[in-house]
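Following are the structures in question.
What follows is subunit A paired twice: with subunit B in the first complex and subunit C in the second.
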Partner chain A sequence: MDKIRAYLDERLGLEGLLEFMSHKKVPIHRHSFWYYWGGITLICFIVQILTGILLLVYYRPGQGAYESVRSITYDINFGWLIRSAHNWSASLFLFSAFTHMFSVYFMKAYRAPRELGWWSGMILLALGMLFGFSGYLLPMDDLAASATKVGMAMLDILPKVGPWAADLMRGGVTVGDPTVQRFFALHVVVLPMIFMPLLGFHLWLVQKHGNAVPPSEYDTPVEERKSVPFFPNFMIKDLAMWLIALNVIAMLASLFPFQLGEQADPLKPAPPGIHPEWYFMSAFQVLKIVGKIIPGTPGEVVGMGGFTLGLILWVLIPLYDGKTESGVKARNAHYFGLLALGVLIITTIWGYAAL
Partner chain B sequence: MSEAIVEDNEQLQPDEEGFTRRGFVKVAIGGMGVVYAGAIGYPIYRYLETPVEKEASEAAVKAVDLKDADKLPAGSTLMFMFGSKPAMLIHFATGEWVSLSAVCQHLGCILHYQPPAPRIVCACHGGQYDPHTGENVAGPPPRPLRKYIVKVLPGHVTVSKA
Partner chain C sequence: MNYPVWEVPGIGTPWVIGCIAIFHVMISHFAVGGGCYLAIAMRKALKENRRDWLPLLHSHSKFFLLITGVFGTVSGVGIWFAIGLVNPGATSALIHNFVFGWAIEWLFFLVEVSSIVVFYYAWGRISDKLHLQVAYLYAVSSILTLVIINGILTFMLTPGHTWLEHASDRNLPAYFWYAFFNPTYFPSLFMRMLAMMSLAGVWALVSYSRLEQSATRDQLIRWSVTWLIPAFLLMPVVFFWYQHQIPASNWHLTQLGMATIGAGTFTQITRIALLSIMATSTIAAIAYFFAYKSPKDFTTGHALSLLFIALMATASTEYAREAIRKPFVIGSYMYSNGVRVKDVAAYRTDGYIAHSAWAPSVSSKGVKYEEGRFLFRGECMSCHTINGYRSMKHLLGDRDDKAIGNILTMLKENKPDSPYHAFMPPLATSDEETDALKYYLLSLNHKLPKNPNAPIPTPETAKSAVKVAHS
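Moving on, here comes the complex of A and B:
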């Protein structure tokens, strides 16, 4: 054992790595709990890769899509478990990514020199939602096809480029076998290929700049701030969090397995109570509310325009609250964050209540 | 503070039966690791193994009924699946009926035979079998081909394991 260790150390410099990791410090304060959420998002992504590869063993895109998912869910040993784990882990991935984003926002960890971390994270989140959207269609049951139809129709509304882009994404004017085939390519090849290098960059930035301390720590002199070494102190807790996340996914997947609806049929009316996944619920509800106030296409343009404007302001926050100070700008950014979080939570709950 | 450290050190020492806290934690964590590996590994194994299981149940068939195979002209061969395994039904010009496995015993290539050739010859590595008995007569095959029992009836042929 010692020999193997010495052999690898000589060639890979493991001792140096451990040394480096033990010098890396993680700040300890009353908000330290929020540092775990990036790691939880990461373990969910790892679960997605592993369960996704397993689903690839039996999944068939295109015409046989529905039948292959039916077979995975009801015929293949433990297929239901793998599929449900993939579903639940996707939800948990987005939930922890959102939590991570808001914690970064309120700790003001987007400030210089961490702007690129914020922006790469925003792209990762957008890609994550695209993962969700494209993966949702793959079983090709009536709910999946209807949800994709609605999502694509929203793209159709955009003037000029909308219908063109939507037809290109669907591979036609309706959601059908060509759509599943290209969503599949997007879901398992294109998105991972963009996501993974960007994730590497995101994680490298964390190594480079370390954890940001929240404004509540600004008044404490640097030498009086408490911290623990990343290795092994923080890492052992990080791993414990991973274990908890794994247990949560396993429990949800085995207690609440996902079912499969009837096969998508272009002539069948949309199923009653149809609604998007929870991570699109807020946008869905905002559009519904605006649509009631301003009926027709103008309402949708206003709703989507408002949403886009809010999103742009959100993404650009490091540009107008970029310095380490607690002035008016910082306070306004804080209120904007509370507003965004409030709107997101309230419209999501409202959306479910209005079903 | 110092009291706590002293207490800690005491518990790190082995007791009369040689147990230490470190030893206990090591075993507990190792055990948990094994339980997790099993709980994750077993469903994955069963998931991947499903088609193998299905095929094994298909391979368990004892007999195959070939409809209209009695009309197979003399001097020709019919390829068919015996459960999940390829097999051939040979109708010799002499009127003799023989059914053999069509999988070479050497490395699993699919064999073909056209009467009245004297041998079944494997295209992959030149293994040779006697078309009447399935016996391995030349080349690398280590075992004879499996021979099935053939019953020719009006309208169908039944092929069964011995």
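Moving on, here comes the complex of A and C:
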């Protein structure tokens, strides 16, 4: 064993790597629970990759899309399991990414020197949602095709670039086989190619700067703050969380497997109750509400504009609350966070209630 | 059918038993395994002079007494109550066969409960030797309760050829031992014993995790983990033996869900069996890495998670075990809807209603809707509900008269290649009754007059129709 270790160390510099990993200390305090959510997001992503590769074995984009997913779900041994695990882990991935984002926000972990971590995380989340949006269409059943049409119609609203981008993604003026082909390329090649290096960068930043302590710990003198080394102590706990996440995914996939709707038919009217996946529900509902207050295009522009503005403010938070101080700015940022979380939860529930 | 039907909307009657039984299994297995655990732990503490173990064991035995003595006994009686209401026909068949077995069971149970009370309250008041003897008495009597009940439980899956050949005899008790030591008796006994040992370990971990840090706590946590080892080593072997004893058609049910998740194809059993495997592997990982490797860091949260996963494993295994018995409630003797195999032919000629003691009153005879509803309650409701679990409304969807008729014909013909053959009882109704049942099923999703051919109702007929509706 020692010989192998020495051999690898000489060639790969393992000691250095272990040294790098052991630098990081994880603070222990009453909010430590929130540190797990980044790791949970990561394991969900790993499950996504593994199940995604397995789905690639049988999935056919384009014309045969629906038939191939039908066969995965109803013919191929354990195909339903892989597909359901892929869907459920996607939802869990986004849920934990949102939780991770809000915990970072409220612990003010975006403050210097961790701004790049916040921004890279925001891009990863946006990519994650794009993964979800593009993946949703791939089975090409009626609900997926109709919901994608609605999503594309939202893109159409954007001035100038909107219609152009929507046509580019659709591969025409309507959602059809060319759209599936394009979404497929986006889902399995383009997005992973951008996502993976960025994820590596994000993880490297976390390793480099370690976990941030929340403002509630600022008053404790540094020497009195408790912490455990990330490797191996915290990693074992992280792995336990991974095990729980895996169990949750397995349980959901087994007990509530995803069925498949009717094949999408452009000639048929849209099925009743079209709605996006839950992570787009809030945006969908906000646009619906604004649309009711200000009907027509102006309403759409106001809705999308308001949304974009809120998002920009959210992303730029490190710029106006970037230093370790508690004052008006910090408090305002906190209230802004609570408002965003409140709006997100309420409009999501409202969206489902209004279906 | 000699009994009225108990209707539970939403979850349906099987889940009434299910909820009580899963809870009871967790505790009753602890009661048996935990009894052995206490006796062996005590013997080890006394023999190896580890007297520091004793206060912790005392604390554990209080936990044990409360959990098993209160929740175990209450839920055990609850099962009795529930099975009598849910499937009175099957309960009656069991009583006719095993009345002697149950008498002994209650005797052992009495010894078990008394000895654990003595064991706990005599702590420190009697000599070590006598105390240990009480522990042994508890352990032995609790194992004997398993020895008895296991015969009755396994009988329901595999009654065995000899018993089945004589099942229609009046002199059933003469075949008691054939029914008792049926083909799955021994593998099931060993499987349960292994599960009991593991659960004793898991519950002990919950008990110790609440205690203050000490070297003794660490020792006992590590020792409790070793109680899980026999199950992980031997369970696959014993399970293979068990599977070998089950008729192939029953085993086949576990594989229905490999390829598909189509509605109404009884595929959930495969999915739930998978959960059982997943949960069991997780238990092994948590027990080893979190309890055995670092007993100091083992918290109540960890222990409760372990218990929760053990509950998941137990629930899914028990569900699968119950489900592979389909389409029977007592293998090859009585279908899950309480219809005896030998009665099917008579029900088809004379009609199910003619053989039912609780049939609709004369005035609603010939009222298709009411008759259909009665047949649904008698022949379908032991597994299906209207709106909730295995909902007929959902399963039938927008099927029309003809489509529902085809399904009923398929159920009646019950050909071996029918998709329902493996898990649904054959429909035991006369032709007119089948038509009435079809009408009722159609009415679930379509607006139909409740009484298409009936004369204008008189106060008398209306009253009896209401009476039937409430029976």
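A few remarks follow.
By definition in this document, the second predicted complex is superposed on the first by the 332 of 355 C-alpha atoms of A that agree within 3 Å, B and C clash if a C-alpha of one lies under 4 Å from a C-alpha of the other, contacts with A are read in each partner's own complex, and residues count from 1 in each chain.
Definition applied: contacts are C-beta pairs under 8 Å (C-beta built on N, C-alpha and C of every residue); 3 or more make two chains touch, one makes a residue touch a chain.
Remember, predicted model here, so these are calculated numbers, not experimental data.
Applying the stated contact rule after C-alpha superposition, one finds that A:Val328 touches neither subunit B nor subunit C. Once chain A of one complex is fitted onto chain A of the other, the partner contacts of A:Leu355 are absent, as it touches neither subunit B nor subunit C. Applying the stated contact rule after C-alpha superposition, one finds that A:Val57 touches subunit B and leaves subunit C untouched.
Look at A:Asn77: by the touch rule set out above, it reaches both subunit B and subunit C.
With both structures placed on the common chain, the touch criterion links A:Ile293 to neither subunit B nor subunit C. A count of residues in subunit A touched by subunit B and by subunit C gives the higher number to C.
Judged by the touch definition given at the top, the superposed model places A:Ala240 against subunit C, while subunit B stays out of reach.
Shared interface residues of subunit A, touching subunit B in one complex and subunit C in the other, are 75-79, 81, 250. Of all residues in subunit C, those touching subunit A in their complex are 258-263, 268, 271-272, 274-275, 278-279, 282, 285-286, 289-290, 294, 302, 305, 309, 312.
Every residue of subunit A that touches subunit C in the complex is listed here, in rising order: 73-81, 236, 239-240, 243-244, 246-247, 250-251, 254-255, 257, 259. Residue ranges on subunit B touching subunit A, taken from their complex, read 39, 43-44, 46-50, 53. Contact residues on subunit A toward subunit B in their complex (touch as defined above): 54, 57, 75-79, 81-82, 250.
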